[in-house]
Amino acid sequence: MDIDNQKTITDTIAQLSDIPQGIGNTAPDGTALPMPSTDNLKEIVDLCREIIFPGYFGQTPTSPESIKYHIGINVESLTRLLKQEIYSGLCFSDPEKHNNVATLRKAESTAVQFVAYLPELRRLLQGDVQALYNGDPASTSFSEIIFAYPAIKAISNYRIAHRLVELGVPLIPRVITEMAHSETGIDIHPGAQIGENFAIDHGTGVVIGATCIIGNNVKLYQGVTLGAKSFPLNDNGNPIKGVPRHPIIEDNVVIYAQATILGRITIGKNSTIGGNVWITENIPQNSKIVQKGAKNYI
Amino acid sequence: MDIDNQKTITDTIAQLSDIPQGIGNTAPDGTALPMPSTDNLKEIVDLCREIIFPGYFGQTPTSPESIKYHIGINVESLTRLLKQEIYSGLCFSDPEKHNNVATLRKAESTAVQFVAYLPELRRLLQGDVQALYNGDPASTSFSEIIFAYPAIKAISNYRIAHRLVELGVPLIPRVITEMAHSETGIDIHPGAQIGENFAIDHGTGVVIGATCIIGNNVKLYQGVTLGAKSFPLNDNGNPIKGVPRHPIIEDNVVIYAQATILGRITIGKNSTIGGNVWITENIPQNSKIVQKGAKNYI
Amino acid sequence: MDIDNQKTITDTIAQLSDIPQGIGNTAPDGTALPMPSTDNLKEIVDLCREIIFPGYFGQTPTSPESIKYHIGINVESLTRLLKQEIYSGLCFSDPEKHNNVATLRKAESTAVQFVAYLPELRRLLQGDVQALYNGDPASTSFSEIIFAYPAIKAISNYRIAHRLVELGVPLIPRVITEMAHSETGIDIHPGAQIGENFAIDHGTGVVIGATCIIGNNVKLYQGVTLGAKSFPLNDNGNPIKGVPRHPIIEDNVVIYAQATILGRITIGKNSTIGGNVWITENIPQNSKIVQKGAKNYI
Amino acid sequence: MDIDNQKTITDTIAQLSDIPQGIGNTAPDGTALPMPSTDNLKEIVDLCREIIFPGYFGQTPTSPESIKYHIGINVESLTRLLKQEIYSGLCFSDPEKHNNVATLRKAESTAVQFVAYLPELRRLLQGDVQALYNGDPASTSFSEIIFAYPAIKAISNYRIAHRLVELGVPLIPRVITEMAHSETGIDIHPGAQIGENFAIDHGTGVVIGATCIIGNNVKLYQGVTLGAKSFPLNDNGNPIKGVPRHPIIEDNVVIYAQATILGRITIGKNSTIGGNVWITENIPQNSKIVQKGAKNYI
Amino acid sequence: MDIDNQKTITDTIAQLSDIPQGIGNTAPDGTALPMPSTDNLKEIVDLCREIIFPGYFGQTPTSPESIKYHIGINVESLTRLLKQEIYSGLCFSDPEKHNNVATLRKAESTAVQFVAYLPELRRLLQGDVQALYNGDPASTSFSEIIFAYPAIKAISNYRIAHRLVELGVPLIPRVITEMAHSETGIDIHPGAQIGENFAIDHGTGVVIGATCIIGNNVKLYQGVTLGAKSFPLNDNGNPIKGVPRHPIIEDNVVIYAQATILGRITIGKNSTIGGNVWITENIPQNSKIVQKGAKNYI
Amino acid sequence: MDIDNQKTITDTIAQLSDIPQGIGNTAPDGTALPMPSTDNLKEIVDLCREIIFPGYFGQTPTSPESIKYHIGINVESLTRLLKQEIYSGLCFSDPEKHNNVATLRKAESTAVQFVAYLPELRRLLQGDVQALYNGDPASTSFSEIIFAYPAIKAISNYRIAHRLVELGVPLIPRVITEMAHSETGIDIHPGAQIGENFAIDHGTGVVIGATCIIGNNVKLYQGVTLGAKSFPLNDNGNPIKGVPRHPIIEDNVVIYAQATILGRITIGKNSTIGGNVWITENIPQNSKIVQKGAKNYI
């Protein structure tokens, strides 16, 4: 490398070594906070899937006897990894909690509470598999849905993440739903509340906001947004934080592709919302909404 | 770990070791069915790409002499992996076929038939590359499209998967198109029939349903849905399965971003469909459709 | 393998070993051109992120003293990999440049110029983090945005790629933005010009075309297209290349979900564009545009 | 590459593609025999060590409850890998056994017989650990010996391999003892018969021949050879095969460094053999042998 | 698997899950002690070699400026790994030290003391390289010795391990010298004291005992044993522990291949010991010892 | 880390960053020389073994047709890696050769010359396999020897390395034989000249010096040294370099375990040398030498 180039490099390193406020992950005492590990979080999700749907992912048990060992090992690994990641999440949101025995104990008990929820999580996901099967004329078996459908991936990650939200874990839930968002194009905020037998078809572009409440037996198609009606701003011109601002979708609602539903409104039960519509007001029960300009060619 | 936590873990493992019906992949005789390997399927697709577009992916041959060895090895690996995965797919859809010499023979002959199709697959993809080049003002060379365009990835996976559908392979085709869906946001059902010189621009959010029929020289933009008109339901409130339910797109049609086209309708040849429209009826040949409310601001 | 199958395989290998024009990456002299390495490009982006946001990715420094070593090593690796990939990019677009000392020297000086830009890149991304924080009621800290938001990933890749475009590097920038497109569903062409404090929410399906010009403090929601109005075609029926054909978005504009804005039009500063609208004409400053048929149910 | 070099390469490939008799692993029907996998064999040995000495190698169980799952999984993996390797070994020594259901069944039952021997193997190795501890003034604990002593590695591999010899498995045992030979310099033929509480100190250069019989409580130092007296040759000038030709070492014998003991002789119980001696005749019980020329300096 | 085989497996797992005393690594409170990681120890040795001989191993610095960053990072990694492994070593030898802040602090300060010794270690190894170069007619450069000679590997590991012995670290030093023993066949106990400019030629089979004292400028050939004269036993028939029992080798001594020197004797300075001799008494300064029976053929 | 510890680390890094003469691999112009890659060299040896003994190592061809592709690819990879490593070796011994087109051309032509030698290398190794089979009563087939015997590993590496010596390649041959030395304990200098049908039994501790000349049909046992008689020193007290100083072993000689044969002497053809002898004078043809003190017990 010629001397001028080398000098440019050296000078740039010096400049970059001076970290501005808010850019580097360094606590006031000069130490770095423990960051969540995306590899661990990926493994946590994989372990949950392997525990809940045995035989589809990871190593395959060959008999009821052997399943016991596999589930034992997998639950043990899950508990260990969760404890570690929950600890990182707690410290991330409050650096004071770092190097603190109470935080470790909290991380462990939270991990155990999550594990204790796995049978219920299995029951819920079983319902979602059933709903996806019923709702898709192209599906051929439960097994195909478990193994190959992006929606079940996105919903699994959401249900895992949402439980962690309920247990008071910061940051980690968001990373888990973003992993599914990246893989499937389905963006479900872990704070949303979603009932049983939930189905999404195709899914790319679906957005479900943080304060959404969704009932049982709801089905969404690709590109559906359940978002905030964003106009209300604070004095600085930014959206007001922390208030319920996303829709409530009651039981048995179907929403077709690309529909945009905004604000703290309610879509009444048994309603059907057609594709590409834009809704910002309450919809009564049993409604059928379609885009007015359906035959809109010249 | 404290004793209460340990007990919770142990109890949960016991609960989880009792697998409910329809959740675990265990055949009636207690053995697990062989599952397709997503790693193998990824390698199968990579091998096809390396064979069809030599020099862009994998190890680079340096002379016509050496290309021969590389294609020989790659075709051999492809045949071996395909045989294995087709076998898994056959058993997945019908557990009776497991541990059955006829199934192994069928898997081998199907893999060989797929390999024999590679020259035709190469011809088709060459046409798609040409169409993408012609249709994108930003593209600079065939090489750039082969190496870097998501559409060619999605179309390659579709054409591979569709051939496997024609050869009667279950499950595997769907997994192959889902791999491209995850990577590109383009969701093409492997059952769809698509003609020559097919182009997709940007692509995120494109959905092409299982019974679509698409002619030659068709071009789609991002967010286009060629879907089922979902209202017809059966007595249980679920979509009726197994009937032609997606559009027919004739030759030379262009469909712009976010257009939603639903049901077993026909878009006549040489037509242009504008962005964001919602179409559920036949469109005659040579039409130009745009959203009615184009100047729709207050 | 039975003899017929083996023969089919052997024949197909022979057919495939005869590479048609335009399919294989072989220069006229029979050698293969050096291809960009997607692994290297991924590492280049990761190194930029690790240098700019120290402590969030890769190995964690534990003190100001130690940060210096890490940044030194990372900048050195970055320079080496960039030089190599820029070299491949230059040869890719012009095979004459291969095995040419001037090309190597150009690759090195370009890599160094890129490195010298890192402090400015850090300043810009710091502004983007701030904008994302201000614009999302669900965000809890700068750290969460840096670590977990897909938009910051997509914007980082764009800003890296755009600088490479300015430095005259072919192909590589496109591959870098496609990597983010695949991960986030946000498709920003590296040629677009984007100002400071840029924010995207959710993001799946966003498309920003090659000749877009975007001002400061602009915010986009998912599914927004800033595209070309594609009808003007040349004599062959293909889009005319190389002319400004995408929108100009002035300062302080907000564009809501699924809006489609097409052609070389200008959205005046301080305007707000509602969701799902379709715009192909200039919009004056300070406008508020919403979809006409907002209450469009039957 | 210049044309002459390329031609040399091409010609050499053609020459090499013509495989002479006895060099390539190709059965008469043109298929390759399944070869043992050294990776699998390494894992088999590691699994045995992890099962027998839990907590020292591999993943660490944290409670009696959890040990059960780990041992369950490890025994299951061991059985599966052993079955596969024993199958390869059987086919290796007799190609007729390939693709033969009886061979698969034999492989499985042999693997299971090996597994059933693990508790006895544990008892024997526990005795060897005790003997190593007693015999080495520098050792500080059983744990140190289990974790760090090459002799325990070599003896473990020998005892595993010897059991496989007893079960009639060809080839595999030899590969397993060679693995330890490479790591430790201790070369024990798997056919040798070795009693309880066996100790080797340092060990490099130790050779124990195929027909050796070693009693209980025997200790060897580095460089000890228990070999064949090689002079008796057959008509072709090669050693005569298949007869007992290595020493019998009775109980409680100690043999010091570099001693060479050759032929089917007996070293009587309780004897001590000094370093660097060369013995080819029977030694009575309770003898103390030292090199005659001990004070052999000028 | 047939039922009898499955039952055998299940029964054996049950038997094996009952761990006998002294076999499993489980502390009285049921937790497992942290075990040293051989991967980490290998990396520790590699880092020392990379720091001391920059440019031969690992990533290559290209300028004095850049060497600084590499050494900074490598020293930092070394400190972190050493701290972790020293901690494991301390707990291994005394389980009471586990989960104890004082142990962590001791581990850190010990790691730092080791790091502070690196410049002296470099000086010593530089001397050993010089001695190996002078002593081997086949060596062509210092670089060849640093990069390719097994002796420098064995001596490096010994000098690292011996420093850790001096700093009071249990177990770890032994594992480090065993790593070199396995790779080179040279077995140097970390407790031995060895002076400057030490050389070993070929080396396979060399054994240097725990209480050896070796002066400056000493050279050994392959197969040399500096061992204990093992006959003195305690009442149980085992060697007496903890007393000086290996030779003292004074300055400028050369010992040829396969010589065996046993007991707490002294080889006087400037002496030469011939190959294959067996010595158990003091040798005066300036002696030349050769095997008496040198011309010992019939 | 406390402040004192941190300061110690920082100070030590500063000290270590000042590299003394002869320690770092830095050429006078400040750049690092390209070092040979031990990973590449390992792959080179593996490729040679896979080419020469097809079906035993690496991927298994299943038919004569397919072997052609595998050998083609393997020879191509071998040529590429050899060229790279020979280049490094040439620069290592003479830094002036770095960045020099003539060096690259020499590296390529040398690699090609080596490849052209592979058929002869195969013939020689086939003879060695035969000799090992004839000489070991415990061997059961050629296949067992090819797959599992350490001697064939050591002899293969020697024959590869010796050819590279003949072609004038520095450093690389030594590294290749050291790799086998580490694995097998057999230390053959690549400069030695060894005839056909060469056999080594067990092998640990065998040393064959740089100027040895060994005839056809020679067999060695473990621990045999063919070394220099080291007393003749130069004025500085170091061995005199560059003169023939190791034994000549004529055809049909057998040398038993631990024999030490030193100096430029000749062991006449058809002789047998017994174990543990020490020889420094010529031995006539047809001799039988045994250790005088064979019955040397008290």
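We call the chains A, B, C, D, E and F, going by the order they appear; numbering starts again at 1 in every chain.
Everything below uses one rule, namely that a contact is a pair of C-beta atoms (placed from the backbone, for glycine too) under 8 Å apart; a residue touches a chain by one contact, two chains touch by 3 or more.
Not measured: the values here are computed from a predicted model.
Chains that count as touching both chain C and chain D, per the definition above, are A, B, E, F. Touching chain C and chain E at once are the following chains: A, F. Interface note: chain D and chain E, two copies of one sequence, contact each other through mostly non-matching residue numbers (shared numbers fall below half of all numbers used). Remark: among chain pairs A-B and A-E, A-B carries the greater number of C-beta contacts. Once the centre of each chain is set as its mean CA position, chain A and chain D turn out to be 53 Å apart. Put simply, the C-alpha centre of chain B and that of chain E have 58 angstrom between them. Taken residue by residue, chain E touches two or more other chains at 1, 62-63, 68, 72, 76, 185, 204-205, 223, 258, 276, 291, 293, whereas all remaining positions touch fewer. A list of each chain pair in contact follows: A-B, A-C, A-D, A-E, B-C, B-D, B-F, C-E, C-F, D-E, D-F, E-F.
Here chain E touches chain D in the complex through residues 1, 5, 8-9, 11-13, 15-17, 19-20, 22-26, 30-33, 35-36, 92-93, 170-171, 174-175, 178, 181-182, 185, 187, 189, 191, 204-205, 207, 209-210, 223, 225, 227-228, 230-231, 236, 238-243, 245, 258, 260, 262, 276-281, 283, 287-293, going by the rule given at the top. Those residues of chain C that touch chain E in the complex are listed here as 62, 66, 68-70, 72-73, 76. Within the complex formed with chain A, the chain E residues making contact are 1, 6, 10, 62-63, 65. Taken together, the chain B residues at the contact with chain C in this complex read 51-56, 60-64, 67-68, 71-72, 75-76, 79, 108-109, 112, 115-116, 118-119, 122, 126, 129, 134-138, 140-144, 147-150, 183-185, 202, 204-205, 221-223, 254, 256-258, 272, 275-276, 291, 293-298.
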